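A short write-up of the structure that comes next.
As written, the chain order gives the labels A, B, C and D, with residue 1 at the start of each chain.
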Amino acid sequence: MQPLSFILTHAWLIPVIPLVSFLLVGLVLRPISERLAGAFATLAVGTSALLSWTLAYDYVHLAEHGKSLPSLLPWSAMWLHFQDGFGISIGTLLDPISVMLLVVVTTVSTLVHLYSTGYMHGEPGYARYFAFLNLFTFSMLGLVLAPNLVQMYVCWELVGASSFFLIGFYFEKPSAVSASKKAFIVTRFADLGFFLGILVIGFYANQIFAAMPASATQGLQPLDFAFLTRPDVLAALSGLDVHFLGVGVLTLSAVLIYTGGAGKSAMFPLHIWLPDAMEGPTPVSALIHAATMVVAGVYLVARCFPIFATSGDALTVVMCIGAFTSLFAAVIGCTQDDIKRVLAFSTLSQLGYMMFALGVASFAHPLGYSASMFHLFTHAFFKALLFLGAGSVIHAVHSNDIWHMGGLRKHMPVTHALFLIATLAIAGIYPLAGFFSKDEILAAALHSGHTVVFGVGLLVAGMTAFYMFRIYFVTFWGEPKSEHAHHAHESPWIMLGPMAFLGVLSIGAGFIPIPEWVQLPGAPVEHEGIDLAVAIPSTILAIAGIGLAWLLYGGSRDRVDSLVAKLGGVYTLIKQKFYFDELYLFVTHSIIFRFVAAPIAWFDRHVVDGAVNLSGWFTRTTGLLLGKLQTGQVQTYGSWLVSGAIAAVVVLWGVLKSGGN
Amino acid sequence: MAEFLTTHGLTLQHWLVLTSALFSIGLYGMLTRRNAVGVLMSLELCLNAAAVNFVLFNRYLAPTNLGGAERLDGAVMTIFVIAVAAAEVVVGMAIFVAMYAERRTVDVTRLDALKD
Amino acid sequence: MLMLPELIVVATGFILLVLDLFLTEKQRDLLVPLALAGVAAAAGALVLTPDTGVLLGGRFAMDPLGWWFKLAFLVAAFLTIALTSGLLESAAPEVRKLHSPGEFLTILMFNLCGMLLLPSTRDLITLYVALELATIPLFLLAAWRRDALGGEAGLKYMVIGALASALMLYGFGVLYGLTGTMRLDAMPALLHADRTTLFAAALVVAGVGFKLTLVPFHMWAPEVYQGAPPPVTAWLSVASKAAGLSVLMLVLFRVFRPFLHDAGFAIALLATLTMTVGNLVAVVQRNILRFMAFSAISQAGYLLLGFLGGGSGGAAAMVFYLLVYVVTNLSVFALLILHNQQTGSTQITDYRGLSQLNPLLSLAMMLGLFGLAGIPPLSGFVGKFLLFSVTAQAGYHWLVGVAAVNSTVSLYYYLRIVRQMYIEAPAEGAVPLKPGALLTAALVVTTAASMLLGVVPTVYEAVRVSAAAWLQALGQ
Amino acid sequence: MGLASWLILLPFLTTLGVLFTPASRPTLIRWVSLVGTGAHLLLTAFTTWKFWEVASPDIALAKTSTLTKLYFVERIPWFKSLGVDYLVGIDGITMSMVILTSIIIFTGVLASWNVVNRTKEFFALLLLLVTGVFGVFLSFDMFLFFMFYEVAVLPMYLLIGVWGTGPKEYSAMKLTLMLMFGSAFILVGMLALYHYAGGTTFDLTQLAQFHYPVEMQRWVFPLIFIGFGVLGALYPFHTWSPDGHASAPTAVSMLHAGVLMKLGGYGALRIGVYLLPEGAQYWGLFFMALTTINILYGAFGAIKQTDLKFFTAYSSVSHCGFVLFGVASLNLMGFKGAVLQMFSHGVMTGLFFALIGMVYGRTHTRIIPDMGGLAKVMPWLAVCFYIAGMASLGLPGFAGFVAESHVFMGGFFGNAWSDPLATRVLTVIATLSIVVTAVYVLRGLAKVFQGPITDPHFLELTDATLTERLSTGILVVTLAVVGLVPGLLIDLIESALLPFVNRLHATGALAVAGHP
């Protein structure tokens, strides 16, 4: 094998550049000039993007004929040393999925940075915004390149934190503040599962690791993916006769790790934070809450896929929850009025798609794995485009409510065209990107024998087309419904440029042979072209969805209103997102805060501290009572003295008779 | 003298009963007399009971196992006790007089300015 | 030669008495330096005195530990006189002045002499006489100010003192009867652990307990401490307690040594009771003299711990702690006397804001209080630590716990005073205290000693050597 | 005189320097303190470097040793007949704690720059306190250790009582008494240790070679652990902490939460586990359970607090629980986690209290609901606060994560003497705190710094001054450096902790049956 190229051995540069830029922008440039800070940050991420394209190019050319792409660890260093034979290194793991995501993240991030220089122009905290974007990019890249669970977890938390700061960017707005808290806490809760998963698997992997001869574990650590996904290790793990609540170690840890992924990827029932996260600036939503961070969960499952696949049960969980989420979110998406929230629910739905795609995969039928990654790839572009388009619209209309828009296709033709492309892409219309990946997912579901899931997928495909065109029609067609909509202006080129670039990718990404490159290691190649048995029904359903949307929303609002009236309570239930937010609020505030936190605070102040004060009181009171013996009567004192002498006699008799001789 | 006592059946025990009784009466007096002078007198009883003890033990027990000057230790002690008791009474009376000048009473139960 | 310190003290007493007759009011100011010189001379003589030797046919003897006790008495006397100087001099404020300085000092000297004799006594007669000499003059001193409170204090002290001495005397009598000898050293071999012996022991302990303010023989203490003039209280709290300890050591180590080990539980009980009651009641006191009384009671409880196990380590710990206690307690009393002398108050709350008026004096007082509480690096800590260590060595781990918790409680009340001095603001119109030269010197000496004893091990090591030699001599 | 002694002496000399500076020149007093503590920081850096030079070749040795090797040992016989020595030395744990203390006191002096009332006494007491702290960390003679321990605790009374706020006398008294109450337990345990070993030495290194009877270990260990636990805010002996911290002035809170509370964990480890391995084995699970309560209880308690200082104090209860939890988990990772957590919590909570003081100095309120939107007017403080908050909820990249991950790994990996299922369940319960912590930290900070400005007066407030920036900056950088390059600290402490583990194993496994 030829020596690796410079960028492959120095892949760490890609995340480090944004990190350095974050520090520079945050500490040095921000006070000097906001514009400069923004430009610098953009430039830094751009450099990373260029580097990752170069890297991807070099990496793809590593493939030898007939073989899948190699998994490389060109650089790593010990970071956290727990005990002998159990440490955590940091490094850059290069394999098909990480390289793919590297490209996606840096590309979208660069475009979002560019877009933001226009979108955020004049906002207070402009430089802060870019600093956090840089931080996010760094963390996300670190996550992507993680060669072990702990680095993944570390970066996982960091993306969570940067997401928190970006959602709460408008920190004077209470809704933004609470949305950011919610996002952080919900994902944190999920990360607890992830962390426990690491603990569980770390413990047993460490045992297995220690039992192996040193030669077999050369250069590895127990939590490295390279170790954990080795067949012999997996066999040993699944062979362990340790159960907790009837669940084996492997399944338990897989499910726990999945919990983390489910939190980040907002799977049901941890989905509640994502719609609220739309309180952040729209470019942030595009980058973090559509294209990159939220797919980290999918990425995690893909990364640990051999563990899930060996467990089997865990994969079923992934599949069921993924399928359910995709349907659930699609249903809610049909009723929302906030353009960004609709997009958020669509993101949820698409993430569910990716998840169940992984769920249906197996070593025998690895197609779902490739399909999921493929969909992740394409989705990043068109969803980012949708968000940026929405941002452009919001920028013009100063509102998120689709019912305040309307007729914008005339005022904002470029935005309209690009938005339409993205909408078609997500609806899965040939030959746009979404079609290919969605088709592959459905095919994977069908071919692996999961017909129910396949059915759900089809249904969701149709619904996706429906609700996406719903917002498209309401926003861009009809009459302007507000003063702002009348006077809307097209956005500047600094915003349109990145959108156009994404538009090109939304059209063309389907032709990039991701499934060929991204193969489940150790499984047979199962890639096939377009399967008409899947493509035809899905396209039909998509078109049906578009048609329905046209029917309902293409013209006046009356039809919708009458339909809503007919649906009645069901509609309200859906529109209120099945009252999940309220449920969570109830559980946290009314149960945990009121019945756990408040009683503990009370208990501490009154019982525990009360006991301390009581002992003080007791001391004083005893002192007072004993002091009362000082009556001032000398003869009483004399009596005490005499009785004391008598008592001494008695005690001495007792002690020396019993204890002595 | 010794023969007289022993022939009349008086043993050490009898004497000890006497001194114990004396001592107890003294104690009782000290703890119950309201008049300070009465307290002092009771004290004398106590001290004297103890002093008599020394004489008794000297008489009955000590000479049997000791020689020389120490044979008289008990009696010597008694003399010292008497002397000390006198000193004690003197001091006590001095204080009482001073007290009386100040308070116009020597009732010990009314001396309770100092207490908690 | 062996008795030289005592003789010097007695001589000083007589000289003072006689001089007093011939001096004018003004000239009497010379008496204090004279008394100090006498005590210093006695101390000098003590240094030259060998620490073993016998006089008067074995009725008086020097022993290594007795030497330390005598040193403690002399140091206490010297410091007390220095602290009292302000009240004895003719320029003192009339209300709080101690009249007839010559007589006062004479009586103090005789009292001191009695105490000096105590550790050297070797038979019941000398012991009794010395003990009474160490006690009776105190009644007078307590009632020195012939006001209502002083008189009451003196009377109560006298009544209880007489009662205690009667009990003890009775106990002595029983001991004599049991052994037929007055010689303390001859007794252990003749005693058996029968009920009568224990009865005698209990009576003796009750008598000594009065002097050492052990609970429940302590009840006179707060009253007397409160009613007596503060310098007398200071003297009482250190010298009388030292005298009590020396008698108790004499009795327990010389006479009842065969039972000492087995009586451990009784001692532990007495110690627990003493420190606990002393501490608990001290917590609620408002008068600083009463407060010091209860504090002193609890300190006696700690002292008692040294008897556990009956080893030389315990003896050394007690003597060392006694030395520490003498200087530390007197350093506290220095300020207390000064404060009382210049404000007339004995209320704890009247110390408020003192640190802002007299920062250095307050610092000294705080260090003294912390020393009493046993806070390192003050010597009080080392002293307590040694006692606790003895307790642990004797196997009474629970008692270490009790004592340590008691220390915590005691810290509470010592901190109450610190709080007044440091945290509260001074009262309107409060003026700084103006200490005299002698008092200042005494304060410096006590404070320095209370710090150095804990840091420089020389004194402790010397006491330890003495104790070992002493116990070895006893064992023969 | 060697480095170890200088580390103790320097703050003491600074104390004297302050005492001999006239009270009428407060600025000079501040500068004397700053220069003294700054010099100490340099000395610490130098010592660390020296230590690293001499200690790093010995790491391999530690893997099999049952005795922690000391460096820069100085021994001067003191109370010879008792076997008390002036014995100071440095090992990895000590070194890391000295670094922590040195940083905290330096920043603490900076944070107290605006103490105007009785400046001289304030700084003198502060420096005296810190002398005691250094003494505790550096001494290896139990007598000396205990002596310094009390020296470190007592000045707190005056510092809180005189310069505090709110019910300061009550808080100061409660704090002092509870800590002294704890030290009563320690004293009992210590004397037992001394006498069972023959009563000839207090030298920890020599006592460590003595094998105590198992029965004795079983009753002494809880005394030691609880005694030190009081200072380490062990439930239910932690209630001095909220009141004390709430009343204390800024630098005192910093020192107290940052350093003094560490003495608890340090003592439990150094004396409890080191000398009484079998006692530790017997009680490990019990204390793991108790500290699990600690962790969650503190965290839940913090949710409902409205005073920023109470809030931080409860959070400290929770975080100090991690320290003791790590100690109780009886394995290398747990021990390392405990020491790391001591360090990280020290810095983090020091930062917290420094910031609270700064915010309070501006808004004159610490009540969370009264504040809002402060990030707009004091961005520096807000950023630092968020960093402290993120560090406290264990965000990777800061020292807290390194420590917590060790502690949890340690707890989950368990030990041979506790029921494995129980330790794991307890660990899982304890990990819940990372969510609860996020809840209270974010709720609290969001209210204070985010949202609309609640009081128009706030608009006139200013951001951090230069000294404030310096002190907070140092702490933030420390948090980040340890978080990003944990090896710096881990390598320092690991060789010191390996013998602890070896000792536990050398005693031979005891029967698991008969647990308390």
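We adopt the following convention: a residue touches a chain if its C-beta (ideal position, glycine included) is under 8 Å from a C-beta of that chain, and two chains touch if they have at least 3 such contacts.
Not measured: the values here are computed from a predicted model.
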Next on the checklist: With contacts counted as defined, which of the two, A-C or B-C, has more C-beta pairs across the interface?
Outcome noted: B-C
Checklist entry - Closest chain to the protein CA centroid? => result D
Checklist entry - How many angstrom lie between the CA centroids of subunit A and subunit C, rounded to a whole number? => result 76
Checklist outcome for this item: For the pair subunit B and subunit D, the C-alpha centroid-to-centroid distance in angstrom is 66
Item to check | Computed distance of Cα centres, subunit C from subunit B, in Å | outcome: 27
Checklist outcome for this item: Cα centroid separation, subunit A vs subunit B, in Å, comes to 97
Next on the checklist: Show the residues in subunit A shared as contacts by 2 or more other chains, in ascending order.
Outcome noted: 627, 630, 632, 634-635, 638, 642
Checklist entry - Among the residues of subunit D, which are close enough to touch at least two other chains? => result 177
Checklist outcome for this item: Within subunit C, the set of residues that touch 2 or more other chains is 155-156, 159, 163, 222-223, 281, 412
Checklist entry - For each chain, which other chains does it touch, given as pairs? => result A-B, A-C, A-D, B-C, C-D
Checklist entry - Can you name the residues of subunit C that touch subunit A in the complex? => result 155-156, 159-160, 163-164, 167, 193, 195, 198-199, 201-203, 205-206, 209-210, 215-217, 219-220, 222-223, 259, 262-266, 269-270, 277, 280-285, 409, 412
Item to check | subunit D-facing residues of subunit C, complex | outcome: 370, 375-377, 381-382, 385-386, 388-389, 391-393, 397, 400-401, 404-405, 407-408, 411-412, 415, 418-419, 422-423, 457, 460-461, 464
Item to check | List of subunit B residues in touch with subunit C within their complex | outcome: 23, 26-27, 30, 36, 39-40, 43, 46-47, 49-51, 53-54, 56-58, 61-62, 64-66, 69-70, 73-74, 76-77, 80-81, 84, 87-88, 91-92, 94-96, 98-99, 101-103, 108, 111, 113-116
Checklist entry - Which residues of subunit A touch subunit B in the complex? => result 627-628, 630-635, 638-639, 642
Checklist entry - Taking the complex as given, what residues does subunit D use to touch subunit C? => result 78-82, 84, 143, 146-148, 150-151, 154, 157-158, 161-162, 168-169, 172-173, 176-177, 180-181, 183-185, 187-188, 191-192, 194-195, 199
